[in-house]
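One structure is given below, represented as structure tokens, and several questions about it will come after.
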Amino acid sequence: MAHLTYGMIGGGKDAFIGAVHRIAAALDHQAALGAGALSSTPQRSRESGAALGLHPDRCYPSWRDMLQGELARPAHDRVAFVVIVTPNHAHFEPAREFAAAGFHVVLDKPMVLDSAQASDLVRTVHAAGTVFAVTYNYSGYPLVKHARHMVRAGEIGRVRKVIVEYHQGWLATHLEASGQKQAAWRTDPSRSGLGGAIGDIGSHAEQLVSYVTGLELEAICADLTAFVPGRKLDDDASLLLRFRGGARGILSASQIQIGHENDLSLRVYGETGSLLWRQEEPNVLVHRPLGQPDRLLRRGNPYLCPEAQAATRLPPGHPEAFLEAFANIYRGALAAMRREPSLLDFPTVEDGARGVRFIERTVASAASNAKWTPF
Amino acid sequence: MAHLTYGMIGGGKDAFIGAVHRIAAALDHQAALGAGALSSTPQRSRESGAALGLHPDRCYPSWRDMLQGELARPAHDRVAFVVIVTPNHAHFEPAREFAAAGFHVVLDKPMVLDSAQASDLVRTVHAAGTVFAVTYNYSGYPLVKHARHMVRAGEIGRVRKVIVEYHQGWLATHLEASGQKQAAWRTDPSRSGLGGAIGDIGSHAEQLVSYVTGLELEAICADLTAFVPGRKLDDDASLLLRFRGGARGILSASQIQIGHENDLSLRVYGETGSLLWRQEEPNVLVHRPLGQPDRLLRRGNPYLCPEAQAATRLPPGHPEAFLEAFANIYRGALAAMRREPSLLDFPTVEDGARGVRFIERTVASAASNAKWTPF
Amino acid sequence: MAHLTYGMIGGGKDAFIGAVHRIAAALDHQAALGAGALSSTPQRSRESGAALGLHPDRCYPSWRDMLQGELARPAHDRVAFVVIVTPNHAHFEPAREFAAAGFHVVLDKPMVLDSAQASDLVRTVHAAGTVFAVTYNYSGYPLVKHARHMVRAGEIGRVRKVIVEYHQGWLATHLEASGQKQAAWRTDPSRSGLGGAIGDIGSHAEQLVSYVTGLELEAICADLTAFVPGRKLDDDASLLLRFRGGARGILSASQIQIGHENDLSLRVYGETGSLLWRQEEPNVLVHRPLGQPDRLLRRGNPYLCPEAQAATRLPPGHPEAFLEAFANIYRGALAAMRREPSLLDFPTVEDGARGVRFIERTVASAASNAKWTPF
Amino acid sequence: MAHLTYGMIGGGKDAFIGAVHRIAAALDHQAALGAGALSSTPQRSRESGAALGLHPDRCYPSWRDMLQGELARPAHDRVAFVVIVTPNHAHFEPAREFAAAGFHVVLDKPMVLDSAQASDLVRTVHAAGTVFAVTYNYSGYPLVKHARHMVRAGEIGRVRKVIVEYHQGWLATHLEASGQKQAAWRTDPSRSGLGGAIGDIGSHAEQLVSYVTGLELEAICADLTAFVPGRKLDDDASLLLRFRGGARGILSASQIQIGHENDLSLRVYGETGSLLWRQEEPNVLVHRPLGQPDRLLRRGNPYLCPEAQAATRLPPGHPEAFLEAFANIYRGALAAMRREPSLLDFPTVEDGARGVRFIERTVASAASNAKWTPF
């Protein structure tokens, strides 16, 4: 299994998610960083690249330089894919250009700023025929895959209700005023887009519901609030959901709920049972069948579906967590790049487009006096 | 401390809540059952009364007979109060008549069927000057009282967001078709009133929020669903809440969420901390202060407020539960009847009236296309 | 179902367990306090009796006076049984004399101070043919009864290993020096007997193992420690256990483990599954079958055994706790006194005698250099 | 920060722990596999090496060949260290020879088969002046490091009692008879050494206690059992512990406790508080101070000690787990190899020697009729 080499756009010093991607890509010894346009200035890009051991020739001052530079190399010596981990406003152009030039792309969510960009990207990727993965990383967890399997297999019956929560507390104060880099761009409409909490974390919640249940949104009713004085984007989102076919739901995404760190949870209620999964205790899935004792399913056991087993590296009781789940997205995408079969899936450009639409429709609903905004 | 004697209306064979009231009333050796109109037929009332050891003279065939019969006894030998535990449609008349006749009343929730009845009852009780308690029993828990204390004392700062859930699964199937008595009346509009889940348990959720936070509802946005085919009332309620002063909330009440038994939980998020309490683990209150480790406060400890300590009978680690909390409502009401001071409060006729209005406004919102229905 | 009347010995002001017994006896409306020798001085006995609403004629200055006084009353107007809740050193004489005189007895654990007393009591009770219950209250919990059922039914296979812990922290400081009444007598050999923690709580742990598993101790290896300077009895006990038939065990009982309140837990490991129960979360029993997901069994559900259902008053999710379990011991004993059939058992004088022997043998083991002290 | 290259001994196909080491070594982009003697036969070694992308020249048929081969390369092009992940009986010789030849060594636990080997190895390593790390990986967890910090800082006072448990259930059946490779060697005295469960997992428990508390064992009292018929080594170990200075403890290590997967937990009780940590929920540390609410400390927060923060890669709520903790051992050892300062420590050859002695003394105690076997 040959290593694939990638270039990274963004992810320099002080970035959080860039380091996560680098570990995730490397975890299974399948991919290696080979080039980078890591920071917003040429000088910082060089420094960041040097710190990561990149050859100076491949520490590019900008992503456009990287595109040119890599295309100028012999085909066998180019990066196979790029990883884009910039703030949201800087996703679209490099994603589009690299895909159009035939590179595979791994892109952070939310994919782009609006549905026009999303549609363009979908077309571009289809035309190019390349692999395009959007890192909705939470669907990489083994027990999320098993939950999806159980719903599909009818093990909880037809789904009636979904409650998805993504609760954090780190923006309960006016942190962006302190200059904290993560807070600054995520609360800035010019870099983050239309959505604050709804974009940053609500979009994960939407994807998790879609991934596990397969339900399609029909209409939403949203209340968005910016609780912290001076904040320009929502830091709290409460939504009622209606799905095609009659299921109902609640989505709560908040970054001012003190005491929650990264508390994404999903509850799915069917006609014959329910499921509960929490990201902060990812190695257990609670299945509650009608009229019987609750069951705790644990990662790594033979009673799980093949996809969940394929997504696991360690035996039961040796906990796996965030990085391994993130790496599973990479494993799926890398298999696709190599045109190898894999039990591991990954979110695609269509998932990304749906997520962008979700943010748009939520913001529209929040501004509307009508109860239901069609999705 | 003299025993007070009470008469019970409803609560005969097969009733659930009547037995709960009798235990709760007796738990602290302060009140004893002395009379009853326990069932809907004279014959069954006699049988139920005999089974409970009532003197045949005070096994009344109907509540009207009990009212007459007790009034015919010398004042010192009458029941001091009545406990009304009939289905909802049979609350108003006996409550009104006993209160008007000078008896104290303990009444199950929801208090009455509509706001007209509620207003009448409020006026009647005020005119009579009697004690009137509505058994929103969950506010009887010691740690609910401490949560209220903490919010009032500013220990989590100004409240921003509330999430209250009351989840059950026992009506996930068409249980009423089986003749199960509890299911039958609770899903029957003629006995239960406008609300199904929203009335039966949503009203508890509303009261818990009000009790702990003191927040006043400004507007609601409700989605009510009857998931089980053939069901005449909602079995699932999802609400967005807006409170005066800017706080926001989510209320979820459902009786089709398989795996939940009686899962009432409250989460309150303030500017400097949050609180979490769950009825099924009532001996712990989670306090999560900003920037510090979570704290688990446990019932019975000296660090709790006087009200929480007054509501406790056992040392820490010797768990107390549903019946003790229920009995705390009685202790408060009985102290009021005796005109003795007490640290234990109890829900009043005004709380009951607000609860009835909550059900009405929720049903109105569910029928409306407007996003927000004023409260 | 007629009320039975009882007399209480001990349990006056400041006592903890007397009030628990009175609530437990009354909870199911089956027994009422009718007489008392409640305190160690006649004056305090009168005051305590008056506070509890006893008739002055039956507020006896001592248990001997109560014995004479009640025997002097017509047979139909005597107390049916006595409840003895004095410190341990004052158990034997009243228990023996009341039983010999034909009264039923409910007695706190540990039953008496040594095996000579225990044997005497066993003989006395057998001769008298009366009911004699020892309030090892933890076996009154519904899910403890279900655990016992599962073990007997072979649902976890032959038992290999048991871990029982009873952890408290309230004696982590020299509390007895403060005059705190509970601490004072429990750490005083002249009132408590040979054992400190091992007698006060270790004896509960021993009984719980015996009740659930039916295993018989073969040999023990004990390490007893008094960690708090100046303490005269052990406040920490660690034991290795060997049972007849090859099972092994660990028993840990401590009153200096800060952070534990009343943390009694039992884990039983068989050849095909295991069970876990914790007193502080008594409404759930964890069953872990070999090779399958864990199962959480919850009180009140139809899938539980008849004994567990008989021991339950409330539906699932309406938590029951310490007092209800305690009351179940009374229900069983009261049924026996009435010679009525009951699914509810209660610990007998033989259980009490085995418990006394357990304390003796543990203290002997702690003083021995031999690894194993036969039981 | 230059990559270090290592050679691996053992860890070929079907091995569990070899893959763990390779991920752990690579996780922080600091070390790369460069050579291997991966399997017990030359043919399998070549295949395993090829699968891992090793150059054929450095797929050695045996560790002796690897030692010769690497020494034959120019100094700058040799592996910097070796990782030994063979069964226990094959630890001593390669560890000794590579250390003596000046290579750093990372070795799985238990270090060697007996104290004679251990002493030899200690002397060899001291003479060579090389880095020697024993992968007691659980001390790599951030919150284990914080627990150690709290004990050292006196935050729970002088330690009185320790309870350490390492519970698994995977050997509850005669799995070794099925040919399962992990079970086969771990239950075989000729490959595993004197200890079964006590060696495989009890040794981790001993190290965890030592690491966190700094307590030194004075005497032990052990009961070892082989519950599964036909098993040649203990699969269950129960120990009473006495430490210098008066602290007491209980150690339970079992591989037949069905329902436990890899359930290592540590509870430490001091004079003013206690600590609880569980490997299966590694992102929380429970601190229970005397007389105050419990506190839940979570990984990644600024209130943790510098060592705990240095051992963390992700923000709070983004769970880290087994692999990250394992990688922290590598980070510490790699820093030592580079002679760079680091906040991350790692278990040394002395820790390994103490662990070997612990197994020996436990086995001796189990065979003795004396209660206490000096350590």
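Order as written gives the chain letters A, B, C and D; numbering starts at 1 within each chain.
Operating definition for what follows: contacts are C-beta pairs under 8 Å (C-beta built on N, C-alpha and C of every residue); 3 or more make two chains touch, one makes a residue touch a chain.
Please read these numbers as outputs of a predicted model, since none were measured by experiment.
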item	value
Contact-graph separation of subunit A and subunit C, given in steps at minimum	1
Rotation angle (°) superposing Cα atoms of subunit A on subunit D, nearest 5	180
Chain centre separation in whole Å, for subunit D relative to subunit A (CA means)	35
Euclidean distance of C-alpha centroids - subunit B vs subunit D, Å	55
Chain centre separation in whole Å, for subunit B relative to subunit A (CA means)	43
Residues of subunit D whose C-beta touches two or more other chains	260, 294, 298
Chain contact graph, described as a line, ring, star, complete graph or other shape	complete
Touching residues on subunit B, where the partner in the complex is subunit A	156, 160-161, 163, 169, 172-173, 221, 223, 225, 227, 236, 238, 240, 242, 248-250, 252, 254, 256-260, 267, 269-274, 276, 286, 288-290, 294, 368-372
Of subunit C, residues touching subunit B in the complex	1-3, 16, 19-20, 22-23, 26-29, 52-53, 168, 170, 260-263, 279-283, 298, 300, 313-324
List of subunit A residues in touch with subunit C within their complex	287, 291-298, 301-303
